[in-house]
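Okay, so chain A shows up in both of these, paired with chain B first and chain C after.
Let's look at the complex of A and B:
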């Protein structure tokens, strides 16, 4: 088939991702992990991996399973791998979390759980990387190049993670121990900076220009952004491994990575503001307005990073910095786009077969933006307040911010479920003859 | 100055034959920089998109008795090859409807094309101009038995689509 069909399991990925986000916020409200515990504590490892694998990676994979075929106008290499990958990733994450809880003494110390989790996660991400990689490789232009760079970074992230897991179990020898002792920043940079940020940037180019009726960003411009980003990740991974091998410390490497990271953000800012300037559509939809809040967080991240480095406080405040990257920039953008993607896919699945034959609602009729926007605003305000409270070392106020984020997220989840149920579509248009109501958790094919 | 190679498919068409292979083999024999001058008994609209994908801009001129002369001029930038679904090329009639969907927000272009396609009589065609390749439209057209040809203009800014009712 030419073109792109509806990805059957994208909704399942989104549902699982939102469930993990809820778990993460519940842990934060319950004072599990940072800032109540030390950054390197097992509880913090639990929290970080719930957020980064459970929430962000699953949401990103679900979106890419739908989006990469659209980018390259070719069908997904294998639709059949999507559900097994979700199963492997979920099982792997649960094993990994149980292993971390064992490290912290909350569960029996079954250290083999960590390698088991790593193997399952490697298998799950492996399926995703091969499936999306072979699809994107058919037309590696424009945003698809960012996705390919993101997938390569994902491979690096998973490799580091697997080495750490085996080292924790004592199965990785002295080399594994050495990498575990100093390689954690590289794992984090490859994951948050390479896999999640580069992919989110690439996807945002197309979605922003599509919904604002703007021309695509010229490949010559975005190539600079991509090159800076890829260079930053390559320096972090390759330079970092050399630095560990030479026992020379990571400071020099991390300084270069920070400079390249800033350059990437600046170039991305130039590209995105170009899209906004050249847009034909003046009135912005909720997903674009809320994406702007995540861009504000990205800019704030850059500013905060520079200030912390200049004042010598980066190491002490890295928790607040990562919090803003993860919840302000990445989660903010993913939530905004997820809200739109669910509405569009639900509309296409329900009304595509009868379009032109019966009156059908518009995509905008499936959502109630005015009602939804307050939950997004609450969420973003809470993230910014939470970042400030982390910087000010106010653990209780941070807990209040986490609770506020949770309120925002519950509101957004409710809106997404209502969209899926067509709850806001007026009655005569809701289910015309021949249309079939969608399932909440997957697409009927 | 571009040199044009003449290809006259009017005798083939009058005899009820299939000229696509003749046109394509003439195309293969072109030297770099050469163009194609095509004579046909109708305006070969579906061919325009195919040729656009091969990197040729077209300019069509009506001759007497409903016949057409079309100049295919090589563009500077070569487009990626595009294999249309409808591999058999026959005389598609002039479009009944011409839609310019370039400034509509997605998914409105798709909605309008499907609505217009449903109104076509069997064998009739519609044409549409779009900003992007309508990837979600194709499965819907396929399910409904429509055939289509499409491709980007040589500058890559406009996607030209022709849809034919079953």
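Let's look at the complex of A and C:
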């Protein structure tokens, strides 16, 4: 196969993901969860899972359903699984959140909702892992290796999460209780570091090369980055389980993971710098400029982590650290690329079928970058301000930062909707004869 | 006569653009070869990235544009990535306007 087809449900994943991001920011503005509540509180669990499953994982899955076939130049194993997976993931997340709210006394204490949510999420992620895994496995080279490592990490993350859910309901025995008591850092590292970060790194290699017309990163270079990342996650998961089994504490394991994580970030920085240096396209589009801001957040994350460890303040400030990882690095990159992917897929869906029969606009004609850039800048500034306010323990100022983030996100969502509506395309190019306006929430293909 | 038809086909293909670069595929150097034998047209072309979902539409677009040229009876499009397309394939004037770095 030379060209991938358009993923029918990628827009649905993106729409659901953005809706969950809006919910997360609304919760933060309403002072639900950290920092108003303790990191391990049920309210924080609600917030964390809305962000990590509802927003980041759904956005990543939607992007991968389109992108993995591009990476390996093979069709998706099964397009039919995408919508059921979205339904299972959404239902599972709602059940999980209801279970957490029950733990916190905001809903009746129906703890069985947690295992039910875990089963639904396991089924949904299972469909995604098999679908994307079997597709990527057909040509496991280049960035596709990062996706495979990310999917393996997703399996570990979901397994930990399911054990926790069953343990909360009292259905996991003493082993489950022990893992619940000590294993939360391993769950977080596998999810944020393995599934989301390694996958984002792999996808970014190819997207940056494609949109800047730079040569692909040499597999020999990216192999070191991948090896360091995979080693870090393996040490966290396998070493962490041994440490829990031996009751020896996680400090030694987490120290090794931190060192390997730093090495991964440094190597990734080298690879990305190489792509920028070798690019043929000098003018950077908005998505690339905003991706650079997420790279700044990733570098700041590494620096902050080192400073917090050296000053012995990591445990006390882990909330600020995770906030910067989630909203600066991961969300910043996903938002930048989502903005571009929506425009590109909307163009293909609308104008691809009439090419050769009528003049068509460019992808860039579907977006208004100058207008959109301010929303991204507001968002990133708010994230950095929010991180500083968390470090300074200024809860009210953090709330103001959350409100600023929300303003930025609402602006970005409005831009994405305008792209889907072709609102910025001038006539007569907007809808040539034979072209159909796209549906907001799914591709018509 | 054949040369004239080839040029007519080449001109017709200028309505097909690369959506990302925003220029027609002829000036971008995507069209490697056009040959005609008794109205049977064979077009060898490429795109920037193997696996890109735009490829299918580029191919269809080329077929749509070429079949409108009088004298064309059948069209065979060969999509190839050998040699790989590089920005050096772009017409120099277009390359400058796209803001490309000096091409090695």
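Note that the second predicted complex is superposed on the first by the 443 of 445 C-alpha atoms of A that agree within 3 Å, B and C clash if a C-alpha of one lies under 4 Å from a C-alpha of the other, contacts with A are read in each partner's own complex, and residues count from 1 in each chain.
We take it that a residue touches a chain if its C-beta (ideal position, glycine included) is under 8 Å from a C-beta of that chain, and two chains touch if they have at least 3 such contacts.
Everything numeric in this text was worked out from a predicted model, so none of it was measured.
**Q** Should the pairing of chain B and chain C on chain A count as a clash or a fit in the superposition?
**A** Clash - chain B and chain C, as placed by superposing on chain A, overlap.
**Q** Using the superposition on chain A described above, determine whether A:282 touches chain B (first), chain C (second), both, or neither.
**A** The answer is second: A:282 touches chain C but not chain B.
**Q** Tell me which partner A:69 touches in the superposition: chain B (first), chain C (second), both or neither.
**A** both
**Q** Applying the touch criterion given at the start, work out whether A:310 contacts chain B, chain C, both or neither, answering first, second, both or neither.
**A** neither
**Q** Using the touch definition from the top, say if A:5 reaches chain B (first), chain C (second), both or neither.
**A** both
**Q** With both structures placed on chain A, which of the two partners, chain B or chain C, ends up touching more residues of chain A?
**A** C
**Q** After superposition on the shared chain, which partner residues are touched by A:40: those of chain B (first), chain C (second), both, or neither?
**A** In the superposition, A:40 contacts neither chain B nor chain C.
**Q** On chain A, what residues does chain B touch that chain C touches as well?
**A** Comparing the two interfaces on chain A, one with chain B and one with chain C, the shared residues are 1-5, 69-70, 73, 210-211, 213, 280-281, 344, 347-348, 352-353, 355-357, 360, 363.
**Q** Inside the complex, what are the residues of chain A that reach chain B?
**A** 1-5, 69-70, 73, 139, 210-211, 213, 215, 280-281, 344, 347-348, 352-353, 355-357, 360, 363
**Q** Would you tell me which residues of chain A are touching chain C in their complex?
**A** Interface residues on chain A, with respect to chain C: 1-6, 66, 69-73, 210-211, 213, 279-283, 344-345, 347-348, 351-353, 355-360, 362-365.
**Q** Please output the residues of chain C touching chain A within their complex, sorted ascending.
**A** The touching residues are 13, 15-17, 19-22, 47-66, 79, 81, 86-87, 98-101, 103.
**Q** For a test of understanding, state which residues of chain B touch chain A in their complex under the given definition.
**A** Against chain A, the touching part of chain B is residues 80, 85, 103, 105-107, 110-111, 114-118, 131-140, 142-143, 157.
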